[in-house]
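Listed after this line are the structures, all set down as structure tokens.
Same chain, two partners: subunit A is paired with subunit B first, then with subunit C.
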Partner chain A sequence: MFSYNFHWNQAFKALPQMLEGALVTLQIALLSMAIGLAVALALTLFRLSGNRILNGFATAWVEVARNTPALFQIYMAHFGLGNFGIHLSPYTALLVGIAFNNAGYLAENFRGALKAIPDTQTRAGRSLGMTPLQAFRYIVMPQMLRIAFLPATNQMVWAILMTSLGVTVGMNTDLAGVTQALNAVSFRTFEFFALAAVIYYVIAKAVTLAARLAATRMFRY
Partner chain B sequence: MIEIENVRKSFGSLEVLKGINLTVQKGEVLTIIGGSGSGKSTLLTCINGLETIDGGRIVVDGTDVHAKATDLNKLRRKLGIVFQQFNAFPHLTVLENVMLAPVKVLGQSKAEAEAMAVKQLTHVGLGDKLKVYPNRMSGGQQQRMAIARALAMSPAYMLFDEVTSALDPQLVGEVLDTLRMLASEGMTMICVTHEMKFAREVSDRVAFFHKGVMAEIAPPEQLFGAPKDADLQTFLAATH
Partner chain C sequence: MFDTALTLADLGFLAKGAAMTLAVTAVSVLAGTVLGVVFGVIRNQAGPYWSMPITFLLDIFRSVPLLIQLVLGNALQSILKLGWAPFTTSCVVLSLYTAAYCTEIVRGGISAVPATTRRAARSLGMTWWQDMRYIVAPLATRVSLPAWIGLTLGVMKDSALVLWLGLIELLRASQILVTRLQEPLFILLICGAIYFIISFPIARLGGYLERRWSND
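What follows is the complex of A and B.
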């Protein structure tokens, strides 16, 4: 009833290749987080601006990013935009798709964090002659980032795992892509994907631990 | 000089200021007393333009606070205000709290701002707390820091909005002492307060607000010694 013969050697031989792929995965995740954070900040400012169009734009972004499959978002970045003559490489499309998703979730994190900061903080800043933007930049934003930091590390883990969706748009240099290519020639599906899963797990755990460590060093109050 | 002319202000259907007329001269210490909801705190936030007004006008050194052309950010540099809540910026040390606005708003160099911050913090008795984060300090210390933070902008006027109301009773004294010190140095101050003894001691004039109206204004010995307004008499009897 159970006659599968494990061939772990094949998988371990491919380990260097897979680790190279893991680096690409990590790179995409980090870049997508950097872009996502910048966009999320912009979306947050749009929401605070009091301008209906900007606010509507930000709300629409957050709603779509959080309520549609990440797979569709990446598909859209590659094939969807392709229909309009915008041709993104698998790498770029994957990056754009994940960054889009990150921005939506992070903007929502920021919104929650802002609720925990009393209005009187802004009021105190304005009383000292600060413009609304200065009060946000120097008083509210640092507190917001602190509150949102640990939730944001969850998103970072999610970004790492989302990179595996790149295989659907022809991505073949990241961990999932490399694994899929190896699987295609060897059919050692279980071994290769099990090993890849372990690598994903280790990266995700390492990121979470690094973030916790960084938090204790950065936030001294 | 702060000139308040027939100022009206409503929150929805509730009129909290019903035509206030008041002039505060340079160097004067004015305290405003009255029950809660009498409009006294609202008046302070109208003076520095945090609140709009619905009628009349407020003129600070010739500048109409609520005129469209007025640069409120610039005007607020000369109007220091301290609130009931201390509003310490929790992510900054005490020193950084005080330096922030002079650097970002006035464009002072870090060294210049730090020298000023150290001077003001020492002045309010926090010279040994420079590197401490506010959440490590008592309410009284945080409130004194808020005073130093306002003073670091070198304001011409200081507005104090019930600055001792959120403090534990044993911490009220140190903050009032700081205010007394400022008054004795000639700072122009408007203090909204519930501390009658303090009002009697430091004020040049005391104003009594009742239901959005300034019912009486007089030097402290007169206002406390021989109150004319019936509501003031009731108020004083209740607070003694």
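What follows is the complex of A and C.
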């Protein structure tokens, strides 16, 4: 039917290398999620603070993160910051770009979750003598994180998929980068990338499953 | 500080890139939505057990990075000797990617229509098609339109990845200008502003519709 001979054994021989790349991918995704969560919490606090400058800053961050492509954000970190004399390595640029994106989306998730928590709870906490920060920390935040857990899981999967964009700024240690480097040597594009796709699929499914298990354990009463 | 080598012709070049972005998005969203509606209805009719093959296939498109999908699509079309242009390949891959997400939206929309409403329609003597056309379609559209707008914007942003196949869309166009003019920050800011101007009003419209239509 077609005159192309598949050489799967070449791809399978490179499997250990690609799995090492998958570890780097997972590492970047986890790091970017950790940074993203911390920044998103800060942005949520900014929005709740009632300070117009802080609120504007948080809103601007969220809107830019959600209305421009992730690839653009990574380009910005890699090429754009050069104007200020900041030259990031592909790894750092990728991490910064994805963390920026994660923070924006997670902050929006938190905002949605906050809507589900009645104002009266904060007021009850305040009238018990808590400071605003204490009321947020001990009453609102635990509930907010619980509601936002599943959307955050989706964001984690997104973060894993986004790490593949690193190859466009010259990243060559993550899964997509390793695959591209192998492809440049052998030109077995389909075989290598099909294997990479399978690995990405397995990682994404494993993360989803783990998050679901964690959710049932953490959130039972 | 504010002198730049950017000319009007370069801005035209960026505009052409933006037009390419919009063209790829329009074709992919159109084809993806048609496919998504078909798959969504099939999934709803067949039930979770019989639609497992479709569910699994579409899930792949949502769990594998789009960049890898594009590379695979391009490799596949050259293996099969289809001789597609990068534009066609990009649109086909992006359409399937859109369809995968759209199926979920359509399925959710259809299942949001109360079963009693549909039974009432059928007991009034409506056929399955009439029930779908006059009862389910309007109600489901109302539920799923905000999510669909979000999907369209997502595809618009994700279409930046087609630069990997050599298509000169907005981001690639600005990259070419950066290489020539060596003013990365300024040109990327313009590029980002264009994306933002396209995306932000539509995102706001989606949010407005969601608030407006969620009450009743």
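The definition used in the following text is that the second predicted complex is superposed on the first by the 220 of 221 C-alpha atoms of A that agree within 3 Å, B and C clash if a C-alpha of one lies under 4 Å from a C-alpha of the other, contacts with A are read in each partner's own complex, and residues count from 1 in each chain.
Heads up, the rule we're going with is that a residue touches a chain if its C-beta (ideal position, glycine included) is under 8 Å from a C-beta of that chain, and two chains touch if they have at least 3 such contacts.
If you're wondering where the values come from, they're calculated on a predicted model, not measured in any experiment.
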item: First, second, both or neither for A:Gln121, with subunit B first and subunit C second; value: first
item: Which superposed partner A:Met33 touches (first subunit B, second subunit C, both, neither); value: neither
item: Partner chain(s) touched by A:Val64 [first = subunit B, second = subunit C, both, neither]; value: second
item: Subunit B versus subunit C as contact partner of A:Gln143, first or second or both or neither; value: first
item: Partner chain in contact with A:Met171 - subunit B first, subunit C second, else both or neither; value: neither
item: Partner chain in contact with A:Tyr200 - subunit B first, subunit C second, else both or neither; value: second
item: First (subunit B), second (subunit C), both or neither touched by A:Met130; value: first
item: Superposition-derived comparison: subunit B or subunit C, residues of subunit A touched; value: C
item: Touching residues (chain side subunit A, partner subunit C) in the complex; value: 2, 4, 63-64, 66-72, 75-76, 79-84, 157, 161-165, 167-168, 176, 179, 189-190, 193-194, 196-197, 200-201, 204-205
item: Subunit A-touching residues of subunit B, taken from the complex the two chains share; value: 48, 50, 73-74, 76-77, 79-81, 83, 85, 87, 89-91, 100-101, 104-106, 133-135, 146, 149-150, 153
item: Subunit C residues within the subunit A interface of the complex; value: 60, 63-69, 71-72, 74-76, 79-81, 153, 157-158, 160-161, 163-164, 171, 175, 178, 183-186, 188-189, 191-192, 195-196, 199-200, 203
item: Parts of subunit A lying in touch with subunit B, wherever the complex brings them together; value: 118, 120-121, 123-131, 134, 138-139, 142-143, 146, 220-221
